[in-house]
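Each chain gets a letter, A, B, C, D and E, in the order it is written, and its residues are counted from 1.
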Amino acid sequence: AAPAAPNYPQTIGKGEGALNIVAWEGYAEDAWIKPFEKDTGCIVNRKYAGSSDEMVTLMRQGGGGEYDLVSASGDASLRLIYGGTVQPIDVKLIPDFENFVPDLKAPPHNTIKGLHYGLSYEWGPNVLLYNTDKVTTAPTSWSAIYDDAYKGKVSVPDNPIQIADAALYLAAKDPSLGIKDPYELNEKQLDAVVSLLKKQRTLVKKYWALASDEIELFKNGDVVIGAAWPYQTITLKTAGAKVADTIPAEGATGWADSWMLSSKSKHVNCAYKFMAYVSTPAVQAQQALFFGETPANLKACEEMDKADKGSCARYHLNEATTYIKQIKFWKTPQKTCADGSKTCTDYSVWQTKWQEVKG
Amino acid sequence: MIDRLHTVFQTTTDRLSAVLSGAVRRLSAQLWRRPGISAGLLLSPPLGWFVLIYLAALAALFVSAFWATDSFTGEIDRTWSLDNFRTILDSETYRLIAFRTIFMAAAVTITDVVLAFPFAYYMVRLATPGQRIALFTLVLVPLWSSYLARVYAWRLIFAHDGVLNWLLHGLGFERVEIGYTNWAMWIVFSYIWLPFMIMPIYAALERIPYSLFEASLDLGAKAWRTFFKVILPLALPGVVAGSIFTFSLTLGDYITPVLVGGPGSDFIGNVVYANVGIANNVPFAAAYATIPLIVMAIYLIAARRSGAFDVM
Amino acid sequence: MNEIARQDIENAKTGTAEEPVIVRLSAVRKNYKDVAAVEHVDLEVRRGEFYTLLGPSGSGKTTTLRLIAGFEKPDAGVIELSGADVTNLPPYDRDINTVFQDYALFPHMNVAENVAYGLQTKGVPKDETRDRVIEALRMVRLQNFGDRKPAQLSGGQRQRVGLARAIVNRPKVLLLDEPLGALDLKLRQEMQLELKQIQKEVKITFLYVTHDQEEALTMSDRIAIFNHGRIVQIGTPTDVYEQPADTFVAGFVGTSNIIRREGKRFVLRPEKIRMASLGDLFDETGLHVEEARVLEAVYVGMFTRYHLALGDGTEIVAVRQNFDRTTARFRDAAGTTVQVAWRPDCLFELR
Amino acid sequence: MIDRLHTVFQTTTDRLSAVLSGAVRRLSAQLWRRPGISAGLLLSPPLGWFVLIYLAALAALFVSAFWATDSFTGEIDRTWSLDNFRTILDSETYRLIAFRTIFMAAAVTITDVVLAFPFAYYMVRLATPGQRIALFTLVLVPLWSSYLARVYAWRLIFAHDGVLNWLLHGLGFERVEIGYTNWAMWIVFSYIWLPFMIMPIYAALERIPYSLFEASLDLGAKAWRTFFKVILPLALPGVVAGSIFTFSLTLGDYITPVLVGGPGSDFIGNVVYANVGIANNVPFAAAYATIPLIVMAIYLIAARRSGAFDVM
Amino acid sequence: MNEIARQDIENAKTGTAEEPVIVRLSAVRKNYKDVAAVEHVDLEVRRGEFYTLLGPSGSGKTTTLRLIAGFEKPDAGVIELSGADVTNLPPYDRDINTVFQDYALFPHMNVAENVAYGLQTKGVPKDETRDRVIEALRMVRLQNFGDRKPAQLSGGQRQRVGLARAIVNRPKVLLLDEPLGALDLKLRQEMQLELKQIQKEVKITFLYVTHDQEEALTMSDRIAIFNHGRIVQIGTPTDVYEQPADTFVAGFVGTSNIIRREGKRFVLRPEKIRMASLGDLFDETGLHVEEARVLEAVYVGMFTRYHLALGDGTEIVAVRQNFDRTTARFRDAAGTTVQVAWRPDCLFELR
């Protein structure tokens, strides 16, 4: 399949009465979905997915068309685009689009040749999380999770995209490899990364698959250091756990989620209404605070501070335009590198390699 | 209500410990009387430990159902309350999902009984020994391939452009759109767990003497009557065993709903998964997971009161 | 004169010829793959008869019964019931019931439900069913056992439930396949009396299979002796015991001594032989007298069994009723020589 | 190699159709001979359809194993090749995972036999009727709660600061770190599928007359000898049935590895999931899923050659 | 003189007193919850004896055997084997083997493996095991059946395997619990002979349970009669048949007529009664003669059974050996009056 051609509606018409969405857990809470349903009459059927892979699967099932919208992360979005599963969105129909962080208006993970296949939503970095009781000097480098010191007490996500984290670290540690973009690795570079990850495997207690896994692991003392999301840090801290997180010197990978519209959507009007609604500052702020991440809409800053003083700064929304440059956002690795050569390794290779790492 | 639940809990614990200590007493009495069996009991320490941990795990689960979680922080609040159960009962969605799960488990069980019975009957009564081996193979082979792969195979069949529609189209029928619906789940579940019904029914049928069948014909009953009055009641233990298997396997599943279900196909397992996986709300998940247990308990107690077990 | 004796004598005279034939098998044959279970059977059972099929194991008795019941279809021949051809009818369309050797009681139903089963399938009204079940249970003396499950009954009681379950339907013919085969001696003797009693009461034709010759002799009006899938003799008990058609029948129905005289073979039953000490006289005249050596004497309570060797070396068995309390008389003589005697007409020549 | 596989395929199909047509012939012969059973066969049309779809699903699975997928777009390329199998055999990781899965299934099966046997034996021989009901409840109750909930309960037990370590610590023992290891998986699997072993073994033991046990003692055998020479061989059908259940259920699982496994805990099911979910590489997943099937087939054929089935 | 008779007479004289006691039960008691299965049993079995426990169902025979085998522990009393107290030993430490009523053959082993089982547990060398198994199978005439599974054997054959499996161990005592109970009459009679033969051959003490009185009479050296968990009489077959200790024994061992004379009750066995037409003379003197009315006559082949009513209305049974081929003589007389006679010493007074 090829990317779908645009098929924009002229205006947002009357809602179809229903909307089927695939979302991350926590991305469609009653707190903001109920008012939407009341306002628009679009009843939202939510399907929570546990992983990017599951999202792709769900969106493709039944030849597409079962679900209208998906909150895809960068490691899934290109797969959805090139698989013809999602269609371009007419951003002119989204009033808040102009308030988005500039880098998120047409990022490479959801915009191809000027066509917006996705509408950026929330984003955040993958941080280095550690137990302040057990790790007394705050780590400043990702080397902490490749270090024998915490053997058997390390946890990293169970996700092929984790290769990029290691690549980011290797890019700084071993410049001779010539890694420029952690998502664009040739075979030699990939092999180097994989051998590093294989060494790391002996240190790992568990590759976490669900957000809650990581929380449990830290809470129960199974793990003292690992790669995590800010959401987990916040949850653990409020639960009284002695943890802290940091973005180490090498920088961090991160995710930027986008709402994407199925190319066979049966509820296009409701979908546009929904996208417009969740782009509003109020919803963006609610979402950010609930999940522990940063909105795409710069205007959400006030709303965040209103609900939780200082949270706008805590999530770096106030300096988003610069902060965002530190983060290497997830995107699906492809065979074709940015320079047009076909020497890069694609996602299926990563996936195989990741399987090898895990064993 | 809490008081009552508490009493129930207490009584259950008491009973259980009475039963266990009774068992121990009886065991030692037996040991004395039958020294021959003592060696067989060398096996029991691991079993004892296992039962202990088994009970601990169950208890941990049930107890946590009465706790609460701060929805924002995810911290567990160890004060006893029935809030979780109240939430479940008050929410239409949760009620619906619980009902759907139990209903589907029941539907799958009934379907499997209906399918497995003639199949097992054929194997026991009509098949030659060679055929019997072939049919056994047919039943067992799928079990050796991955559960997931089998479910995916069904997706290929049900897909809009899948095998089924290709077949229907070829035969000149209308295409059907049963992929990603509860119908699809029903078929897939029935298929996946069918061997777990066939095997116990086969074992039960094998034990029914053929002369009972003849006696029924002799007394003027035709095949249907013989089936419902003689064969079915006597095969009931096998049907019950198979039903326990298929019912519980369906009840506990949460993958098939994800893979072949559509919107509105969530099972209790999915809610449990969601609550543990995201909101980290173990207590709520535990409470929700006990719902079918409570339903079954009520059902079994009612069945017992009505004397349904006396037949066995 | 008692019932049985009277009937016996009448049968001997008239062969119940005035009663219509109720079961008729004509040239019936049945093979199981290459085993000929029933080769060629012609059979006529008259109404009200107690008709026994007697024969060794594997001689085709059960197969014959199963053909009549409709559980098997003959490969050749015709089966008639009251003159109508039923060869191709299924069991439930034949007015016949069976008492199975293994009882075949429905284990999940209690006694009353077992007995009621046949009536319910026929749609007999509830009240009538209840009455007839009670009546049938009374007949087999199990009035108070209606609520029991078969597993709670002894072998003899189960047997009687099997019987009640069959007779309650008042079939034209009742088939019984070794109904007492699994019972111990004492119980079997009791049940034999009861069966006979019940047959008199319900006046149903009994077609009875056994391989116990004593049972056949005491109970039957007529006996058909089976061997290798064929009937070798049909007759009253006295007929088959006293005038066996061949060596097989002679040997199978009771113990029999075979004696050769003048190149001919004769059957001599053990009880026909009288014994006396050497020199004593027998109390009857016209007896054939010989000398014999006593090999062994076995005390059986009611009688003593003697193993004897005749002058020509033939070993024979004789029995002697124990008229006296001291039984040592002949036992002490074991190893010595005695006189044996029999009425010449007790020798029955075998062809 | 392809040629050989093709021949095998052909032969299997031929045999299967021979068996089926044989069954049909036999059935109609029976119908003529025993008109009484014909009504019972009214049930067969749904069965026939089901068998058909059942076979179609299996066939779809096997056939797709020989196809390929475009790795990026997920489109299926329907040209026959053995590439998938070659990839699997060449990769140490895939071989290891397949081996791990089968080994774990075998280990769990053996564990469950060892645990279920004395338990079932106690229920059959030593327990009073009241105890028997209590023990049955104990076995069955967990089946009615969600599979996931039970697995999570074990996480609570195994965690570094979990119930088990709390208990061990309280008793003065060293803490153990078995959470998120293959040991944890082994325990959880053994626990989850135990009822599926207990029930058939219970049924088998119940059928062994007690007099055989006494006869063995009478002939001078003590308990161990009696167990291995008399009880175990006679309970073998139950053990085999239970083993089929536990083995196949473990083999097909992929959730427990995710939830309680650690690094190096992936199962065939996880690879299947990854391949379908990510690369949408159904053919590869199908090929991988057939691996245990092929292993089992080879094993069973070898067992049959060696005469292991003649005992039964 | 034959073996049994000689032994019988010797027993009667000496009570096998010269042989040592091999099994002794002293004041043994066994309760099952509130049921007293065995109340108080004293028993002495001597080496080489064929000792039978006879009694009705539920009288405690099986329980006694199970206590001796070690399957149950007595609540009181002592069990000795060759003088050693074995009360607390498990079955595998007692030099005793059992032949089970349901055979209890191991269905997964073939005949030879079944028979070899006991030797293997004792670690008998392979060669010797093989030889002894062959010998034991020869003894029960199953030489060629070593490879068969129990399911492929007939009932009688299975029974013999059970026997071979026990005797191959050459135990001091062999316990047999109704070993022939499940067999049909013909087979049972054959097996009785064989059992007796084998006992003579292996010279093992047999402790035999039955509730078939004829079996007990023909086979035993001594019989212990059980009732309600107690032994009511111990004696030779002639003792218990001819001189029953009480009404119970009289009724249980054989058919018995109870006759009242001068306020006393006497036992009279059916075979002691002679019959003659009115006016005929009996061939013996000193007989007590009465008149009786014939109620019924049943032909049983070897003899005819007569149901008679004496002058005082007492109903009695008499049997008469069928010396003649025509048996109609007395049957025709049914309903008429005949003379009955018996030797006065055949009346045995009951206390």
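Criterion: a contact is a pair of C-beta atoms (placed from the backbone, for glycine too) under 8 Å apart; a residue touches a chain by one contact, two chains touch by 3 or more.
Here the structure is a predicted model, which means the values were calculated and not measured.
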{"item": "Two chains sharing the most C-beta contacts", "value": "B-D"}
{"item": "Centroid-based (C-alpha) most distant chain relative to chain E", "value": "A"}
{"item": "Chain B and chain D, separation of their C-alpha mean positions in angstrom", "value": "16"}
{"item": "Averaged-CA centre spacing for the pair chain E and chain A, given as whole angstrom", "value": "91"}
{"item": "Distance from the mean Cα position of chain D to that of chain A, given in whole angstrom", "value": "38"}
{"item": "Whole-Å gap separating chain C and chain D, where each centre is the average of the chain's CA atoms", "value": "56"}
{"item": "Chain B: positions in contact with at least two other chains", "value": "36, 217, 222, 273, 276"}
{"item": "Interface hub residues of chain C, defined as touching at least two other chains", "value": "90-92"}
{"item": "Where chain A touches two or more other chains at once, by residue number", "value": "54, 57, 216"}
{"item": "Residue ranges of chain C in contact with chain E within the complex", "value": "1-5, 8-9, 57, 154, 178, 181-182, 184-186, 211-215, 217-218, 237-238, 241-242, 253-254, 269-272, 274, 283, 295-303, 307, 319-325, 327-328, 331-332, 334-335, 343, 345-346, 348"}
{"item": "Complex contacts: residues of chain B adjacent to chain C", "value": "209, 211-212, 214-222, 225, 229-230, 233-234, 236, 311"}
{"item": "Of chain D, residues touching chain B in the complex", "value": "15-16, 19, 22-23, 26-27, 30, 36-41, 43-44, 46-47, 50-51, 53-54, 56-58, 60-61, 64, 114-115, 117-119, 121-122, 126-128, 130-131, 134-135, 138, 140-150, 152-154, 156-157, 163-164, 190-191, 194, 196, 199-200, 203, 207, 217, 222-224, 226-227, 237, 241, 244-245, 248, 251-255, 268-269, 272-273, 276, 282, 285-286, 288-290, 292-293, 295-297"}
{"item": "Chain D-touching residues of chain E, taken from the complex the two chains share", "value": "69-71, 90-92, 96-98, 100, 102, 104-108, 117-118, 121-122, 165, 169"}
{"item": "Chain B to chain A touching residues, read off their complex", "value": "70, 72-75, 155, 159-161, 177, 179-180, 258-259, 262-264, 270, 273-274, 276-280"}
